[in-house]
Amino acid sequence: MNVDAMNAPQEVVLSVEGLRVYFRNEEEVARAVDGVDFEVRRGETVCLVGESGCGKTVSALALLGLLPRPPGEIAGGRVRFCGDDLLDRDEEALQVVRGRRIGMVFQEPLTSLNPVFTIGEQIAEPLRVHLELPESQIRQRCLQLLHDVGIDSPEQRLAAYPHQLSGGQRQRAMIAMALACGPELIIADEPTTALDVTVQAQILSLMNRLQHAHDMSVLYITHDLGVVSQIADRVYVMYAGVIVETGAAQPVLRNPRHPYTRALLDSLPNRRKRGRRLYSIPGSVPHPAYKPAGCPFHPRCPRAIDACREHFPGMCVFDDGQVARCPVAAGRKLTDWCRS
Amino acid sequence: MSPETTSRAFGLEEPAAPKRTRFEEFWRLFRRNRMALAGLVIFAFFFGSAVVGWVLTSGNRPLFDPALVRLQEKLRPPLATPQATSLKPEERPVGGRYLFGTDDLGRDVFARMLQGAWVSLTVGFVAVGISVAIGIFMGGLAGFYGDRRIRLEQLLVTAVLLAGASLLTAGWRASGAWMLVLGHAWLFWSISPWGIRCRKSLPAGLRFLRKNTLMVDTLIMRFVDIMLCFPSFFLILTVVALLPASIYNIMIVIGLTSWEGTARFVRAEFLSLREQDFVSAAKALGVGNLRVIFRHMVPNAIAPVLVSATLGVASAILTEAGLSFLGFGVPPPHATWGNILSDGKRFIFDAPWLTFIPGAAILIVVLSFNLFGEGLRDILNPRLRERQ
Amino acid sequence: MEPHKAESMDLLRIEKLKKYFPVRRGFFQRTVGWVRAVEDVSLYLARGKTLGLVGESGCGKTTVARMILNLLPADGGRILYKGNDICGLSDKDMKPFRKEIQIVFQDPYGSLNPRMTVGQTLSEGLRITGIRGRTDRREPIERLLGLVGMAPTAIDRYPHEFSGGQRQRIGIARALSVEPALVVCDEPVSALDVSIQAQIINLLKDLQDRLGLSYVFISHDLNVVGYLCHQVAVMYRGQIMEYAPAEKVFENPLHPYTRVLLAALPDLESGKAPPATGLESERPEFALTPPEGCRFRMRCPEKHDRCRLLNPELTPVDDDHWVRCWQAPPHSTRI
């Protein structure tokens, strides 16, 4: 997956336009996702990156129809998966899409696997429900899947219960379940956050290998910019429920245009920064019910000007195809600011 | 950026969450739970009438006299006006009507209900107070010091003391007293500096006394298991039958036989709290064990205890009513809801209000406590809370 | 031979520390085996420096932290603080050292008592130092809050009103309330967002410069350790695998495990490349007794016949570089 391949026109597998997700209670409305657009093309890995509470997980749950409603509600937007609108679908139709065409991998494999069933039974479940394979083939397919995700002695593991596996093996089993029906898209929500670095490295390279082998797209949700640099083709940086910057991963990480992305990168510690003071973003992420007017990042932004306090900034295109929601960085006039 | 400027820039921000005290948060959630709110309202009403009732029915010349017998006015239905012309002015009911009717001796049921409310309230609260105190103590002991093992000598001293006490009560005064004296002497000797010095250089033959036996946790929790094996109502019946009938004995006996649930809750809470970082932090600061327990652990363990105590009040009221109904409860001249019910059952076809009114009162009060308790449990459960 | 020379400089010296946890089964809770959580751990820390303890989850680093604070009794070895062995001291004898050694925890939500205001939490420590009166404490509390960059208005607030980073600051203030010389930081930034992480790391550094604190900094994140620590010890399944000044660990890692860890480290500047670790299999679940021989040999990409039979000792390859591996080059300048 290199930059050239990206420039070629590719089929869009998943597109999200203007997605808004609100959480309501009696007193306040938390705008967790506040107009998010992104797309995933065939065969590419897209990272949705942001700090906790920025709305990245909520976006994924909403587009899969997994949002607990109430208190959550989808207040607007469209989600298209291979041309079909997902938000219009009823629960039954969504279930078919979810199990069969979109695979999901979650953060904590211990809680996303059911402790009372063996790994084999859980991998067989989607095969039985969605593909309606005959029983004779199911076992064969399960063994193949476990082998594909790099679990050794798969015959024994089929009969194992989740607690008998290590964290990394559990996550591999989760990936096997997600792969079971040969999905076109995998949505992975922080799949390696709970794992050790060495295991994380193994899982990441596994996902990379599988993606190429099966020609899948991956939507990868993470807070870790290091992971982004390792796997992403394109990246969307989220802050306070909006996308603030997007582009091909390497240019965004090397030369971030939005002050937030810049600040995030500057605040990462590593040994080369020894002796120098880390940049730290002052303050903390705004509560989704009490977001500041104007640009949501302005109270913490070193480049904020008066206009940032009043106008919500639009997306600005930079020379090399990078897009960031910061007219100040782009050197735009005030008139370009207000979002249509 | 210098440290000073960063400190100033970051620190003076206000907390992200809008300020809401624990109580406000609690009240906000509580208000949403209609059943619990209804429970609370009924409980407040019950509490008020019990207190008012206590004031109005006690003293030399109470406004409502539950013991006043008017034989000519027996079994009058609710809201009836007195008919007998021979009533003295002080015998006439307040407001000129028998609000809840009269019983077979012509006593005012309303006055008796008021008096009974006070009995139910005190029995409920004192019994639960006793059971919660024992439960917290035993549960806390098992949860905090559960790992420690009991030495054989400690078991022996306890055995000697218990044997002495039971001999004393069973009538063998002299031998019982001797055993008690011996036990206490042993106890004080073993905690005296001299005893501690001797303990370290115990002759080989006596070293078995220092042998570790059961864990504190095992001892207490197995004792709880044994206590739970007895059907508690019959245990209470037996004990009450042996003791002189009095309202205080009933409170104490109910309290002594219902602490097991609380002990289990507290133990479970303590076991999880013991591993919490703030408890470790307190220990690392050098805060003493007692302070760790009472400042850091008990306040955080109290929520489930509160729930079980609320439910416990309901069951204590019910137990007391049951005992009074069977005639083992509070002795007769004093009215309780249980014995009003019991007296009334003979006239159930002629005077149904005599059974219906106390029965309904018990039902409503017990129900209100249960609803309130369930509501508390929902609110105090952090997992349910997050969903809100 | 112990990995240190100038003894007088050391604030903390750990020698052959050991902790076995019993595995209990059955109705009578019989001990059926032992988990060797920490075995033969020797470290030293000079005054005013930071010692990083790195390893994956379950490697025993938190157990070491708890033993340094005497929150957990050690089963063997010595912990010398300013030359005094604090292993196995009773609560009473430990008291003077409690003021000297403090801890900051990972989870900002579990580390503060939810029923106590910030002021009450901080006065716990002040009470220990002998500031008794309630009004006497107000001023030092405000000073402590200022030290960690919090506004004095925080005093009457409860922990749930603060964000994770702010709570972590309060946790640090609590540790500082008894004016310690050594602070054990158990993954203090792992649970925080990236932007908050930098704030806390800067704060820890400022405090070290200002108060001359020494840190034992426990982390699984080599980036943070590489940024903050002077000495680094890499732990694997209860044993120190490599121990050296930070530069040497990062520039010249000699143990295969250290190399694996460094290879797995995401590096923003290297471009998209799914990491290849060369690891053979994942860490097996914690067995009761680790196999004979080197503990890392099951996963080691460079294993050797000898590794199966004998567990290597932690040996010096340089004056200040110690490695537990048969493949490590021998000490060049033996003294």
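A, B and C label the chains in the order they appear, each numbered from 1.
Basically, a residue touches a chain if its C-beta (ideal position, glycine included) is under 8 Å from a C-beta of that chain, and two chains touch if they have at least 3 such contacts.
Fair warning: this is a prediction, and the values are worked out from it, not measured in the lab.
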| field | Chain closest to the middle, measuring from C-alpha centroids that were averaged per chain | value | C
| request: Compute the centre of every chain as the mean of its C-alpha atoms, then state which one is farthest from the centre of chain B. | output: A
| said: Centroid from C-alpha atoms only, then distance chain A to chain B, rounded to Å. What do you get? | reply: 53
| query | Whole-Å distance, chain B centre to chain C centre, using C-alpha means? | reply | 46
| said: Suppose each chain is reduced to the average of its Cα coordinates; what separation in Å results between chain A and chain C? | reply: 32
| said: Please output the residue numbers of chain A that touch at least 2 other chains, ranges allowed. | reply: 277, 280, 282, 284-285
| Contacts with two or more other chains, residues of chain C listed in rising order | 163, 166, 199, 202
| note | Multi-chain contacts in chain B, i.e. residues touching at least two other chains, fall at 6, 10, 13, 16-17
| query | Across the complex, what residues on chain C touch chain B? | reply | 29, 66, 69, 71, 91, 94-95, 98-99, 101-103, 105-107, 110-116, 124-125, 128, 145-146, 148-151, 153-154, 157-158, 160-163, 166, 169, 171, 174-175, 177-178, 199, 202, 206, 209-210
| field | For the chain C and chain A complex, residues of the former touching the latter | value | 56-57, 163, 165-166, 193-199, 201-202, 205, 220-224, 226-228, 246, 250, 260-261, 263-268, 270-277, 279, 281-285
| note | As the complex stands, chain A meets chain C at residues 1, 51-52, 152, 164, 166, 168-169, 196-202, 204-205, 208-209, 223-227, 229-233, 249-250, 253, 263-265, 267-271, 273-274, 277-282, 284-285
| field | Interfacial residue positions of chain B with respect to chain C in the complex | value | 3, 6-8, 10-17, 19-22, 215, 218, 276-278, 280-289, 295-296, 299-300
